[in-house]
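There are two complexes below, and they share chain A, which is joined by chain B in the first and by chain C in the second.
Entry: the complex of A and B
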């Protein structure tokens, strides 16, 4: 049963990812990306990391996609078709990507992974105490750094977003 | 771990997603499309962290933490990129890569 679900998810994700990078309508491309991200959340559910799946759904599907859709609607005319790269460039890139994929797969399949059989569920309490622990293997410092990073990104986005007015003010001074 | 699915199949899936992202990153000529391709690449690597954590080292949680950090950095990056794109559109009325030459202050 889980096998069938995984194959369906994988097929959907690959099809929608290809559609997302080749579609000529901007908004459709973003919506295809949304399906890929939901499929990734499904993979997280399948390997029993429910918290990560919830984060994926809220931040990616709820936050980033909405942000990108807003910027598409503000920036593009909705009927506009994107210009494509030259056919020769597309074919060359496709061949290079297939070659790189071949190298990746050859490396992965030639390595012998020591898989440990386990079916235990990770609870949110485990993740929280791991993130906030001071001991060996604790992640308190990166956690604080990431909060500073989010604050800096927020301030930076505000300043860049209204950059025009700020520069005008500078000229009057 | 997923019953009946080996680690090789999931790593194959993430490699395919990663290279689809690379393909889009190189062939697209629009800043927002490039942002979408970057999201694909970041997500593929986040799944890799989680899967290797679950299949090979189930007693620790490092892969989950790294994937949380990847998601946070991706969110910050997207917010900044959208701010830059909108500001750029105000100044040159275009988001094509070939028109973008005024980012030097």
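Entry: the complex of A and C
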């Protein structure tokens, strides 16, 4: 049963991933990408990692894809189609992709995988205390670094968004 | 994932007797999905009827009263009409996305519906991250609206969709944060456990001041998330035609319409589960009859739905800048402070427990 579900998900993901890079309509490829991301969430559910699956759905499907759709909505008209690249570039990209796939497959097949019987789902409490603990195996430092990075990004976004208005006194707002 | 009630146990055993295990579980899942789909359709139809009746009541009219007893069959007749209508498509629309969009909205609503504990044993999918999953699912529904607006190749539809996107992304934060405030008290994200915690008093009583603030923020943000008045800029008739579903007709339009009402049900049902004790009866008066939990759950949910309809006929529509100011300058800071306040109250054990 699980095997069947896995193969269905894997097939869907591969098909939509290919469709996503070959489609010439921008929003369609975004939607195909969304299906790939939902498929990944499905795989996480399959290995009983519910929290990561929900994160996948919120961050990627709900956050990033919505933002991408937003920007496509702003800049792209429905009748426009993406240009085809030059033949030489197409060939170059194809070769590079094949090379990457080769490295990937070679790495995977050079190790033999043991199936781990994992019936323990990670609880949210574990993740929370792991993020905030400063003992061995705690993630407090990366957590804080990420929050500083996000703060810096936010300040940068505000400065770019405000533009000239930051220096002038604006009475209209 | 299985409903452990007598009737379903019988069906389960009967299916296992005639089918191999894999096939039996697939059939079972299909049956459960069908039951929920039926509930979805019926609840949607009757909520539309309720909305019309409530609207009529607020405006001192009679409302639909011709089809069936006091107009009870009105929306079913409407649905039959919509099924038989022609599905028109604009020639220059992106057909694939245009046809796909309603299903996003419908499927996410249906998935969210499967998580609620209608009574102690009547719950289709008791996942251990329940509330977080609900928030995750509800953030996908907006994609359907954005796609619908863009792919109909209509400027008004597009503006409606953009407004909806802005609104949903902003108010999602408030919904999530106000629910997180309550999770501080329960210590679990699982919906069934959240309800069990409330045997010592509903959470809105247990958490007194911050819980009431959280509830108010939740109801405001929830109304905004369902794109209902006073936050219905998405389909403001006077400005945008019908907003993102201007180009939809017949059953595809009905999908959007039904999903809007089911989303209202979902928002109210989350509020019921988190703030008002879910299927628990007030003061435990019917604790000996577990099946009555369904009644209590639906009764509380309907009261909250009535509240949302009351909003609709009371407040005038907000402008887009007022909408954003309300969220980012008032609700969000208030919510963050409320979260800290709730953490303090839980830490100092100031919650009220019976």
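Criterion: the second predicted complex is superposed on the first by the 153 of 173 C-alpha atoms of A that agree within 3 Å, B and C clash if a C-alpha of one lies under 4 Å from a C-alpha of the other, contacts with A are read in each partner's own complex, and residues count from 1 in each chain.
Please note the rule applied: contacts are C-beta pairs under 8 Å (C-beta built on N, C-alpha and C of every residue); 3 or more make two chains touch, one makes a residue touch a chain.
In this text, all values refer to a predicted model and were calculated from it rather than measured experimentally.
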Practice problem: Identify whether chain B and chain C fit side by side or clash on chain A in the overlaid structures. | Solution: fit
Exercise. Determine, under the contact definition given at the top, whether A:63 touches first (chain B), second (chain C), both, or neither.
Key: both
Quiz item: Which holds for A:161: it touches chain B only (first), chain C only (second), both, or neither?
Solution: first
Exercise. Examine A:50 and indicate which partner it touches, taking first as chain B and second as chain C; both and neither are also allowed.
Key: second
Exercise. Using the touch criterion from the header, give the chain among chain B and chain C with more contacted residues in chain A.
Key: B
Practice problem: Figure out whether A:130 sits in contact with chain B (first) or chain C (second), or with both, or with neither. | Solution: first
Practice problem: Pick one for A:73: touches chain B only (first), chain C only (second), both, or neither. | Solution: second
Practice problem: Report for A:40: first if it touches chain B alone, second if chain C alone, otherwise both or neither. | Solution: first
Quiz item: After lining up the shared chain so the two structures overlap, which partner does A:21 touch, if you call chain B first and chain C second: first, second, both or neither?
Solution: first
Quiz prompt | Minimum C-alpha spacing, chains overlaid - chain B and chain C, in Å | solution = 13
Quiz item: Can you list the residues of chain A that touch chain B in one structure and chain C in the other?
Solution: 51, 55, 63, 70, 72
Quiz item: For the complex, which residues does chain A have touching chain B?
Solution: 2-3, 6, 10, 13-14, 17-18, 20-22, 26, 29-30, 33, 36-37, 40, 43-44, 46-49, 51-52, 55-56, 59-60, 63-64, 67-68, 70-72, 74-76, 82-85, 89-90, 93-94, 97-98, 100-101, 104-105, 108-109, 113-120, 122, 126-127, 130-131, 137, 139, 142, 146, 149-150, 152-154, 156-158, 160-161, 163-164
Exercise. Can you check the complex and tell me which residues of chain A touch chain C?
Key: 1, 25, 27-28, 31, 34, 50-51, 54-55, 57-58, 61-63, 65-66, 69-70, 72-73, 78-79, 121, 123-125
Quiz prompt | chain B - residues contacting chain A, complex | solution = 1-13, 15-24, 26-30, 32-33, 35-37, 39-40, 43, 46-47, 50-51, 54-58, 60-62, 64-65, 67-69, 71-80, 82-87, 89-91, 95-96
Quiz item: In their shared complex, at which residues does chain C touch chain A?
Solution: 22, 25, 92-94, 96-97, 100, 127-129, 132-133, 135-137, 139-140, 142-143, 146-147, 149-151, 153, 158, 161-162, 165, 169, 172, 187, 189
